[in-house]
Each structure stands twice: as structure tokens, then as C-alpha cells.
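Below: a set of structures, written as C-alpha cells.
Each of the next two complexes has subunit A plus one other chain: subunit B in the first, subunit C in the second.
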Partner chain A sequence: MWRRSASFILDRSSNSPPMADTTQNPDAISAYYQTRAAHHGVITSDWLAQAQAAVEQPDSTHSGLGPNKSFNVIDEFNGWRKQPDLAEAVAAIRAMAAVIRASEATTMMELEIELKKASDTLKSWDKTSISLTAGCDLFIRYVTRTSALEYEDFNSAKSRLLERAEKFGEISCKARKIIAMLSQDFIFDGCTILVHGLSRVVLEVLKTAAQNNKLFRVLCTEGRPDGTGVLLSNELSKLDIPVKLLLDSAVAYSMDEVDMVFVGADGVVESGGIINMMGTYQIALVAHSMNKPVYVAAESYKFARLYPLDQKDMAPALRPIEFGVKIPAKVEVERSARDYTPPQYLTLLFTDLGVLSPSVVSDELIQLYL
Partner chain B sequence: IYTKEFFLERLSYWAFVSAAQTLRPIKPPASHYLVFLFNSVSLSPEYSLSTSSPHRSPPSHSHRCRTCNRWCLSLLTSSGNVRLRDLKLQRDAPWSFLAVGAQLVAANPVELAVGNVVRRVLHIIREEDLSLATAAVAGLDLLDASDDDEDVNGKGIGYPGMSAAVVAAAARSTLRPPSLQTLLEGTPESATVPYTSSSGADSESKTADKSSITRKLKHDVIEGVNQLIHEIAGCHEQIAEQAIEHIHQNEVILTLGSSRTVLEFLCAAKEKKRSFRVFVAEGAPRYQGHLLAKELVARGLQTTVITDSAVFAMISRVNMVIIGAHAVMANGGVIGPVGVNMAALAAKKHAVPFVVLAGSHKLCPLYPHNPEVLLNELRSPSELLDFGEFSDCLDFGTGSGSPLLQVVNPTFDYVPPSLVSLFITDTGGHNPSYMYRLIADYYSADDLVM
Partner chain C sequence: MDPRRGPLAVPKVRRVGFFTSIEPSPETPRPNRSLSGPAEAITSSSPLSDSPSGQFISPVQIPPSRHHSDNLASRAAPVPVPGPSAFRRQLANDRALHVGSYNPVDSLLGTSPPSSNGEVSEDSGSLFGFQRSDSAKLSASFPNGGFDMTLRVRAPQESEAKVAIASTSDGRKKNVEASGEGESLAAKPRKEKETKSLKEKTSKAERRAIQEAQRAAKAAAKGEGSKRAGESSRPKPSKPAKQPQPKKEAPQVTSSVSEKRAVSVEKERRMDVPQTQMQYDDKSRVDKAKRRSVVEQTESKNKVELFLHLPQYERGNQLPNLSSNIFSLDTIHHAVYKVGLQHLAGDIAGDNARCIAMLHAFQEAINDYTTPPMKDLTMDLTAKINGYVSFLIECRPLSMSMGNAIRFLKNQIRKLPVDLSEPEAKASLCSEIGRFIDEKILLADKVIVQYAVTKIRDGEVLLTYGFSCVVEMILLYAHEIGRKFRVVIVDSRPNLEGQKLLRRLVTRGLDCTYTHINAVSYIMGEVTRVFLGASSIFSNGTLYSKVGTACVAMVANAFSVPVIVCCEAYKFHERVLLDSICSNELGDPDAIANVPLRNNKKHSKTMDNNKNLQFLNLMYDSTPAEYISMIVTDYGMIPPTSIPVIVREYRREDLLL
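After this line comes the complex of A and B, so read on.
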């Protein structure tokens, strides 16, 4: 009786006003996934045009704070996150450290207010990146808590904050090593691992397993449109790990010879589910129906205070998708870059806080945001 | 009947008691001896029905745990002037608690209860140490003020009140498993600093203070361990108290094998005048189900004995499946006697609640990877086949050197958490996904790998 209405006809006709507002990137393309694409070296024509446009119009897209300050933060952030090995949250914290360095505040309260403003700017500039939000929140929280215990003079407090922010970069690398160590027990000799997406953490896990002389093979999905499959297979063949490439649609076909699925995460949400590259939900569903474990490797600063109830519940993150041939103008393309995998399809999460089952995640978040 | 096991048990207990009565620290050879004894006690008594007296049931989990605990107690009381640091943390001192605990665990990794108890005691030691340290810093009468080291979070010592708060905050975070909030703070070592600042005993009062602290600590730890022993001994009554909430009138309960916890659970319900029937799956090849059936009948319960293969046939007539566990893993998975996975699958298919009874000493902080192989014990094929009849098939001397007939006799079975409906522990009834919470309460994160 209650069938879906054909509301998509109405939606289409009212879709003409642009979705992006001036504070966001033009074309509502998710900056986070653009950066990932840049890391992966996949350059599409759309992206090139956009880069051109961005170079030509320097600061018309930034919100009005004090043009100097916001320019600093966002530029700083962009500079940091171009580096392929650095995680998004770490880049955010480094940018905030730059704000502290450049600030002329004389009291703790003033510094906090400046940091809050900078964090809001960063967050509003790219609404789609979860680890950016999480990183900013974590840093603000930390600053607020240490300032409560403060009784010494301002300069030493400032220098300590700076030093902690710098150290956070090392934590990222350390976190990956811890995760790799924790997951070693779960990879046994002769196993077949299915990997989706190019996550640096998962790569570290597989590298460590190879260094420990474990014999296993990897099936990677092609990962359209980013082409992550080919990149991952490049990296793995350098380590002499047998790799097989699959089409994204061939996952169910090969699932019975798979022993476990390993994915990274762009963000871990409060319910214990993950947000990851498009296709992860599909793979988790197939794995669950065939009783294969799905393991997620994610650092702890990716935990975010979101609770999506379905796929459309998050801020839309769009990617340009190339089909290689011309598409008729009236045909729409589903351009979302990510999906949400509910916690009942995940088996375990490997984080630097230890091995967690999905129900532990909300507990951890409560501990942090008490 | 004086069997070998009987003597071994008496001997080991005597050794523990005598060690407890001496005041010298246990030297390395003695500790090896103790480990060997403990090992033999825990490993050997697999009483087979045919040989020894049938009324002597094999030592249960709680018995093994209590033995382990008594050993810990003896080690603590006997180690006269050994400082806490040696006692707890130094791996190189061969008689340190951690080292011997690691030896115990390595002796039989499949016996998870041993590791659990060792980790519980370590957690108790850490907790008492921490509370004593914060009390000492706050009180400032046990410790010299100048002893308080300078690297309490990089601050000076001008404000003792503040530093106590900092120490307490740092202490709270050391005890809990690493969480997001400790990420940016780095590792606070200040909690152990005021305690282990052993800058040469230059004054008499300092040494006297230190030894009094050590004595107080040992006293607290011994109290904690006593409490633990008490808890383990009383877990059956605590679990049985909850029976009345779960078993209702005219129900049919299915169980597999024999577990003392299940026996007391069912009898407690019977005493409260609930009338119900029990189906007991016999639990081949040890046939412990027969023992359980006999005990149940002795207490007046209507019992039916079925074969393991009949579980699926009978499950549609059953209201609830109750089993005891050998160990409960951190993800909520259960290690139980062989055959429980089958009962769990049958229960899932027919939507019958699958209830697991486990004392809190069975809760293991490890996550199982490949538990069917790594956490399993393969026993002798003689329980399945008679060597006399099958000697030609099982002969290693013929042909290529390996016999054509192989016999696999696993002791344990792994039940994944998705098949379990409820865990009943001495603290109450819990969801499988809640087990991690109990682990965070009972164990410290540093002790997971010993």
C-alpha cells in the first residue's frame, strides 16, 4: 500500500539551483575525495579544470573571518594534506598548530577562541571529511581540558600545546604500527584476503604480515572510479604477495574462496559502523551472507560523533566519474563517493586502542566526550 | 581410593602451604618445582569413567582457579622483603610474580582460566599500588616531600596539591585501557614515580617508610586476592540465585555434558518449587551427561538422556538450552565441551534461547582467532576406538609410515557470539556484546600479553 512515490520527477525539476554555497568548494565536489584521487594519481578532466579555476580565483571562496587568519588555516591545511603519507586528521592538527604559532593571544581563553574559530572554518570549508571534523574536535577538546589544569604562565602552556600538536603526527605512524601488530594473529598461513579501497593502514597490515613471512594471497577489487585496485596491486607485488584483481561486480562470485575481508575506514561512527569508499557496504553484505569475517583497520582519531540512520543521512560527498564515452545530457550519474556500513555486518575493528567489537565504539566515544 | 592424582593433589597443596609458612623468598628452583606441580595437577586428572571411582568428579574450573590463587597467595606471603617492583613488574627476576605467571600460562595455554586468574591478581596489584601512591601523595606524611620527582608532567613541585590532582588524573588513565583522551597526553609515568624513586636509602626514616609501604601494600594485595578466592568459590551460589528468573513452570530445558554450575542452577530452580523437565545430551565420547542425569534424578528432577545426534530432532520441543562454559572470550564467543556448537546452531534455527552460565573467572580478555585449532586440545583416540580391535588400521609401521585411519578427538568447541542469547555470570545476566565492559573492569590493558 505504501509504495514509494515517484518523487524523483519533482526532485529533478527543482534541482536546477546549485547545491553548493559560496563557502564550499565550487561544484560541490568533495575536497576530501579529490585529495585522495590526487594521492592516487588519477587525474580526471574535471579535476584539472577545477584546479585551474582554483588557481585563478584565490580567496573568494573563503568565509569572512579576518582574511589573513582564514587564509592561513585553510592554506596551511591544504599544504599539509597534499603529502600522501599524512592522515587527514593529522594535517588538521598541524594546521591548528600553525594557528597557535601565528596567534598573538595573551591569555588561554583568547587562544581557545581563536582555535575554535579556525576549527569552524576548516570544518565548514569541507563538510564531507569526517576525519577532519574528528581531528579538529579532538584537538579542541584536548586544549580545553589541559587549560583547566593550568596554573603556570601562558608561554610555556603555549609551547606545550605546540609540542603536543607536533607529536600528534608521530602518533599517526605509531598507530598504524600498533594496528598492524594487533592484526597479525588474524592472518594465518594460506589465507585469502579480500581488500577494498586503498587504505594506508591496511597496506601497513599486509606489509607487516609479509615481513613476518606469512603466506597469503590478496584479492583486490578494481575500485572504480579511483582505480585503487591497480595501485594496491602495484604496491603488493613489490612485496611479492600474490595478488588477483577483481571487477567490483565479481566480489560475490569470488567470495567463497575468500577467508576474510579487510577494509580501512574514512570514519567510524557512533553506532560502530563505518563510512568508507563506495562499495564497502556491498562487500560487507555479501561477506555477511556467506559467513566471512569483515575486519576494519582504523586509527582512533577517526571516531566521529555521527549516527547515520541510512545511506542518505550524511553530508553528500560527490566525485566526478569518467565513463570514457560521452553520456547523453539527460542521464544522471550517481556520484556519491562513499557509503555507510552498519555495525551488524562488521566483525571486529582493529584500532590503536586495541581490538574492538563494534559495540565498544560508542563506549569509547562517551569516554572522550564526557 | 589412593590414586596417583590423589597424592599429587595433596602433595601440591602441602608444597603451597609450606611455602606460605616460610618467610624466605622462593628461589628459582623452588618456583620451577611449584610450576611443575601445578602443571601436573591441572593436566593429569582427566578421570576416565572406567578406571577410577565414579563418584570422584574431575577437578572443575573453580577448583583449578582456587589452586592457582592459593599459589599466588603463598608466593606473596613468603616473599619477605621483596619490593613491589620486583614482585610485580620485573621480568628478569625469575621469582617475580609476572615471570612465574607467564610460565604458568605458557605451560598450558589452552587452560584459559589460569591466565585469567593471573591477570586478575596483576590487576589487583596495580590497583592497590595506585591507590596507595595517590593516598601517599595526598597525605604527604609517608613520603618525603623532596622525594617527589620533578617530572610529574614536566612541572615543578611547588604546588603539591595540584600535583596530587594531576597524579590522580594520570593514574585514572593508566588503569583504564588506552582511550582517545590519552592519545594526546602521551604516557603518564608519574603514578609510579613517587613510589619507585629509590634514590639510595640515605636516611633511616626513609627505609622505614619504604618497608612500611611495602608491608601495607602486601597486606592490601593479599586482602584483594582473598576476596578473589572468595568470589571464585562463591560463584556457583551467585549464579544459582538467578535461576528462578529464567526457568518457569512446565518448561523443557536442554543441556549438554556435565557442568557443576548448570547442576546447581537447575537444582536452585527445583528448590523454589518450579516443576520442569531436563533433556541431557550425553556428550560423547566422555559421556559426562550420564553423570549429570544421575545427579539430577537424585535431586528429584524429571530427566531424559538423549544422544548428541538427537539434539536437532528434539530441539523443537525444548524451551531453553542452558550450558556451562569452559571459557568466554572477549568478543562474547564461548569455548565449551565438544557438541555445544551443534546445539547452538540447532537452537538458532528453531529460535530457542541459548543461555551460557559462566563464573567471572572464566572471562578471558583475548580475542579468538582460529579457536577451533589454537584453543583446542586433542585427546587420545582410545576414547573413540578400542586399540585392540583397530590395531592394524592405526599401525604406524605399515606402508608409508602414516596409518590410513586417523582419529580426531577434540575436547572443545567454539560458539560464535551471534548464536548466544544470554550470559549469566555471578554479576548478573549480560548480552554477548557487553563482555568487553566486564573485561575492562577486571583486567588491565598492560597484562594482556605476558
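After this line comes the complex of A and C, so read on.
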């Protein structure tokens, strides 16, 4: 299943964004990370159940919106975004699907233009979200470039598009399962895993490993300022996995007892590197210098056509940071929420396309986009 | 020359790449590789170098047969040989004086005495003696036209030499062939190039190649043997399987005895890349190539052992020679001829410019082409193009990108529908070529500029090395759209191409810093991006570019400065390159030997006298993929690990037939 061709990714992207009204996210704060934070709050024991429910809901909401002329992609997207278990790309694609549904276009060309507009709106609404951009791109690409759409009649083509868009959400969940399965070969009894950030994929991986009766230990970084590590350790302890919380600054200190590092990714870029929560880069550096493998779990819809050359070479995603004390006005605070880890520090990427070395990412992307 | 050569050659030889049995002394040590060899090797080879017959054998350098015979000739007719230094000095003078169309820096050796003596000496055999005594052995080795006298002397001797070689070597079938061939050749003037009309020679070879190609196609194998016996002026084709064969050989090889071979040859030709594959330390190949060659080339004297597999010729004598022959050469289309001369003279520099010039010339040639009666356009035109290409290679080794372009063209020819009429076929070929130029080169550049500009932010300091037209376009465009940045141009001797870039940028109002590569580690500290051009990029991500690029990239890497390589996708090559040795081009050694100082002359004189001194002027080097952060191509920005993906996905049609 996971070794399918890149066209599979296209399918996924098929759900992208609807139209464009609200052009700019008024807040300078990264919407992506706001959503993440909101999701984190929700992540409690009933998190998964909620998520499941969330996946079911959306379709019904949509159909109501369909014919409405004043339909707004952003609203649609925001509606989907609230679902805790729904990846942002999937939300984007569902919103795009809604655009198709709402569209009154009568030709493929019109539809394409409408979709393009919608995707641009979505993208500009939150420039910091890589998976949103990637999802929109993939969807557009799917609509405009696939021969699968060559139907005589516009309506059947449209319904086919919708079909694919529907599938996408399921694929997202399935991708996590696939990745969890794939990664089981790499988790051995008695190993110690360092985890940074709160990634739904990584959680799924660890959960599956625990279900398979693997004996392993997890070290969670604290994950300031969101406290992601605390949330994750909470989840893991419920699964009876031995967990230890670390300060973010204690990574190098405890690296020698670590056997592997597992991280998620906000986006996988063309070089094969990843963009992820702040701190990933330094953990990867430490792991690399101590010869520990760094594994990344990421769904393939996070592959983005980006190529940052260094840390500052991407749109910064800002977020509020609480220090607990008052910071003097003259003191600057680094508020960026993410960093870029170059491919040479990553060992393998677990994706629903298979276990890839970083250089394959570009291969997949080229096949996808060119 | 002899004394100089003998000792030099024996101990220092190191072979790189493929070589065959004809190889002078198999036991010749390769000091660099194994230490076990030397003692034995010296004993075995020293007697050879002492004996006259050894002369043929010991010079390990790519010795063309011409070379040996030269030695012979000079030996047979003892002429006082002025020291090489005198000659060199004269060379230097000539260079200073006769610059002609040469860029003084680019063109190396400048004109040699023969040419300074004028075309006269080249054309008239009678002057030959004078010239030789006058200007030393080197001039003697110039295979100028009209040496009938020498020819006669030379031919038998040469065949002898060949026999000797064959017997000393390991007696492979090929050698036997060679020796037999040598004998038969003795009867005939073997080196057509030395007969007075170059034209006749090439046209003959060419015609023959064409003829035989057709014959092979028709499977009329039986007639061939008799005909060959009659003609006999060409060597038997060696087995194609033995070595990867450059296109250079292609026309010749086509004429194989059996049809089967013809087929395999055809296949091989299909695969071949004209470029660097010819191993110049493989005597037999070189000899064959020489016989067919249009351009007179003289082996340079102090060859660099490590690079014996590359052509090392004296510079400067070819151009006058060629231009004097321009009206007598009917096998080479005048447009191609012109481009060849421009390449030779260095008037066209830069990979893209060279490639475009070549393609335009081909376009013209195809336009003027008419299929001879009873011939097939596909076959005949391919053979013609092969002839042009080998001519161009003789003028200057092709760049990788030109190889790719030629392969594209041949593919187009091969893919022509059979039922197309000749004018239609020609028109379609020409438009394909035009499309290639537009899409793969010109448009690609524009796309690259668009991509690369996204990586230039305000306040950056960009470093570039040498001159690359894509990089120039990027910088100018970024300036145009209002980015504020500073440019550091790093340059190097001897070509100083960076000055051209500097001039253009400064006139457009960019803020520039100019320095030489010696200062690169100092200047790198303030740089935020390095933009480099490329001659080619190989499948393993190795960048093949102007010499010095690797140094810049490595320094940048040490300073954690991202290195961005801008390269059109048509320059990607599916080969793998591990070092700068196997595939390279050697420039004029004099270009680096001569420093423009006041007491230069005295200096270079002492240098020239030193037989232990060889000048190595490498044109390219290879940068390993790990020093490259990003490659900007017309397909977007990709990591160096993705080159094979592009080659696989987008050049499939070109690569497979």
C-alpha cells in the first residue's frame, strides 16, 4: 500500500481550498501553531475518540454549504481545522472539496481557476503552515494535471474529483497507521527513544509499538513553550510506556542513553530536510554528533516544494512565548516556532510512501510536480 | 628531445583509464600506484630506452606515430638541433607578436615558429629542411602539408615501428592485426595528413565511412573484404567492445567486416558520448584518430604523466593551418568549420555559447545538406554529423553539454519518420534544433533566474567565481527588481574571466568586490551565498566546472555558507565522476608558465629548460556533492542527490532511443 507511486499523493491533494475572501490572517501569530496549541489542549485521554467523531462529522456540514454563493474557503477551512485529529492539509483539502461542491462552474477550466483562487486564498491566509500550502498545491496539481480526469462530461469529472477529495481524510488517518507499521521494525526491545514535540504520527508509532508488546522507554523533552512533552508523556503513561521528562536543555546530557530519536515534521522540504518544532535542529545535531539515528515520521502530504538554505530562509512562524516573569521592554524575544533541520542530520523518513532516505524526498517531489 | 624524453617517461608513467595492449612497455612501473614495480620496471625498460628501437616503445606518452617517425627522421638526417630553450623563447616572442584573433591569455602557445615563418613554410616541402634546422625539432614534428619527402622516409619506418611494438606487446590478436596492417600500410602513404591535401584525406576517410556504413546496413558483407584490400589505407577497426569508444571513432568503426559487428558498432555509436572517452594514452586509437584528423596537432613535449589519457598538444599551430585550408576542405561544412576555428581560437568561450554556436552551425549544415543518390538520409546525415563532431573535437574537446546536444540531435535524426521527404526532414531537424536552443538553453536560463532570485534577500553578500552567464543574469535581474546586495567576484589566473563579469556588473551599478582566488578564505567570512556556474553535473551530484570551483565550494562549506549551483538541465550527465583526473581538459601550459612580469622572458627560459618541470593547466575540476547545498535548474531547486532523477525522468527519450 505504501509503495504506491507518487500519483497517490495527488489523489490526496485533491481536496484543496475553496474561494478567497479573507485574504490575510489579521494576527501576526502563526495560525498553524495556534491550531496546534488548541489541539494540544484537547489531547487528553478522550482525544482519539473525539478525533474519530470529528472525522465523521464534516461531510454533513458541507452539503449545506455547497450551493451558497457567499461561501468562504477560510471559514470552511477553519471549520475543518477544529477537528483535533484532522491534519491541517486534510482540512484544507476538505475545504477545497467544498469549493468544488459549491462551484457553479460548467467547464473544467472554470473550475480550475476557481480552485486556484481558493488555494491562493488559503495559502495567503496562513503562510506559515507548510502542510496547508503543500496540501493545496497537491490538490491543484491533481486537478490540473491528472489524466484520470479525462471524462467526456464535466459532471462526472467533478464527481470524481469530489470522490477523491472525500478519500483524502481517510488517507490521512491511514497514513499514520502505515507509518506506525513501517516503523515497528526499527523499534527493538530495550531501546530508549527520545521524542521531541507532540506529533500525532509519533504517538501512533509508539502506541503501536506498545500494542505489539515491545519493551522500550521514552524520553520526552519538555517542549517549551507549549509543554508538548508533558502532554505526550501524559498520553504515553496511559499506555503504560515508561516515560521520562527532560528539560529541553538536557538533550545532550541524556543523549548517550538514547538509542534513537523520533520526531514528527510540520513539513518535509525538497532537500529532504524537515521543518519542525523549535529544538528539532539542535537535537538532530546532538544525535548526529553522537551517532544516534534520527527518524522522522511524516505523512507524504507534508512534502512541500520548499528549499530553505538556512534557518532564516523561510517565512517565520511566530508564537507568543510566556516566560513567567515580566520581560523588560528592551529585551527581544525569539518567537519563532520552528526550525529547519538539514537532511544530512536525518537518518530516515517514515512516510506512507515507505521508509525513505532524505534524498528520496526530492525524487518523489519531482515526480509529483514536474 | 630524446634525452629529455627517455628518462622522463619511464619512471613517471601513470596510466589512467583504459589502455590497450599496444601500450609500449607493459611493465612500465606506475610509481604512484604501486611501490613494488619500480626496480623491475627500470631494468626492463631502461634497455629499451637506450636502444633506438626502444625509442618507439619507451615514450609512454600518447605517442602518435608521427612522433616516432619524427624522432626517426631527425635521427636519420642529423641536423643540429638548437636547444629547446631557443625554440621556446622564439615561441614566446611569437606569441607576443602574433596574437591574431587569439585572446592573448587564452590561447596558449601562440603561434609557433613555423607559423611565424609564414604559411609558406607549411605549404612548401622545400622549406621544411630549413625550418627544422632553424627552429628545432618541434617544428619538425609539425605535420605540415607537403612533406612528401619525409613521408616516403617515414612510412616504412613507421610500419617497422609498429611491428616492433606489436612483437613486444603481449601478442593479442589486435596487435597482430596492427602489425599486418602496418606492413600493408607501408606501401601506401599512410599519413594522409601529411600528404599535401588534407582535403583528400579526410574526404576519403569520410566517404569510406559513409560507404561502409551503408554497406553494413545492406548486409553486403562479402564485397567488403575485397574492397578493403584495395583501399587499405585505413586500419582495421578494432573491436568495439574493447573500449568505450568515443564518437570520434564512430565513422570509422562503422565499417566493420561483419554485419554483426556493424550492428554492435551502430549500437555503440548510439550510446556514445563524443566527449572525453577517448583515452589518449591508447596508442592505437590515437593513431587512428590522427589519421583521420583534419586539424594538425603536435604533441606537447613535457607532458604531465597523470593526464596522459587526455590530449596534450602544442597550441597555436593549428589555427593558421586550418585557416589556410579552409577552401580545400569540402567534407566539413563551412559553418562547422567556422565554429571549430572559433573554438580553437577561444573566440567563443562559455559552455552555452559554444553549444549554441555548434547547434547553429549544424542547423546550417543540415540546411545545405542533400542526400547523395542511393543513400539513406538517416545514415548518411548521422555519418556527416559524426564527421563534424570529430572535427570539433580536434579543435577543442567538447564540453559535456555539447555532447548532450549532439546526442539529442542524433536522436532526432534517428527518429525521423522514414516516409518523410528530404526537405521535410531537414526542416523538422532544423526546427528541433531551434527548439532545443530555445527551450533547453535560453528559456531554461530565464527559469533559473526566476528561481534563483528567490534566494537573494536584501543585504546579502553574494560570491561568484569566474564567469557564468546564468549567474550574471541572476545578479542583474536581482538588481533590476530592486534587491539590495553586494557581489564578490572571485577570479583566477590565467583567464581572468571574472573581469568581464566585473565590468558588466559595475556598469550596471552593482556594488562589487573583486579579488583573486588566493583571498577566498579571507573574503568568505563576509559572504552569505555562493553562486556558481557549471559545465556539467554528473549523476552522483559531482559538479564539473571551471578549475577552482571546488576550492571555492569547499571554503564556503567550511564557513557554512550555502553553495548554490546554477545549471541548465541539459548539462546534466548520467555518468559518474569521482575525481578531476579521469575526465578533464588541459589548457595551454604556457598560459600558466608565463607570468606577465618584466623579467618574464628570462624566467620562462630557465623554466623551459627544465625537463623535470611540467606545467599543468587544468581547465576543470570536480566538486563533490556534499559541498553543494542546492542546484537551481529549469526544473526547480533540487538537491544534488536528485540529478539522476532529472536525468531519468526528463531525458528518457534522449537517452534510450
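Points to keep in mind about this one:
By definition in this document, the second predicted complex is superposed on the first by the 310 of 370 C-alpha atoms of A that agree within 3 Å, B and C clash if a C-alpha of one lies under 4 Å from a C-alpha of the other, contacts with A are read in each partner's own complex, and residues count from 1 in each chain.
Note that in this section a residue touches a chain if its C-beta (ideal position, glycine included) is under 8 Å from a C-beta of that chain, and two chains touch if they have at least 3 such contacts.
In this text, all values refer to a predicted model and were calculated from it rather than measured experimentally.
Judged by the touch definition given at the top, the superposed model places A:Gly354 against subunit B, while subunit C stays out of reach. More residues of subunit A are touched by B (comparison of subunit B with subunit C). Contact with subunit C, but none with subunit B, is seen for A:Tyr307 once the two complexes are overlaid on the shared chain. When both complexes are overlaid on chain A, the residue A:Pro225 reaches neither subunit B nor subunit C. In the superposition on chain A, A:Arg160 makes contact with subunit B only, not with subunit C.
In the overlay built on the shared chain, the residue A:Phe188 is in contact with subunit B alone; subunit C does not reach it.
Shared-chain residue A:Gln367: touches subunit B and subunit C both. Once the two complexes are laid over each other on the shared chain, residue contacts for A:Ser271 go to subunit C alone; subunit B is not touched.
Subunit A uses residues 359, 363, 367 to touch subunit B in one structure and subunit C in the other.
Against subunit A, the residues of subunit B that register as touching in their complex are 154-155, 159, 162, 165-166, 169, 176-181, 183-186, 330-332, 367, 369-370, 433-434, 436-437, 445. Per the touch definition, subunit C reaches subunit A in the complex via residues 455, 529, 562, 564, 626, 629-630, 635-639, 641-642, 645-646, 649-650. Contact residues on subunit A toward subunit B in their complex (touch as defined above): 138-139, 141-142, 145, 149, 151-152, 160, 164, 167-168, 171, 185-186, 188, 300-301, 303, 348, 352-357, 359-360, 363-365, 367-368. Interface of subunit A with subunit C (complex): residues 270-272, 305, 307, 309-310, 313, 343-344, 359, 362-363, 366-367, 369-370.
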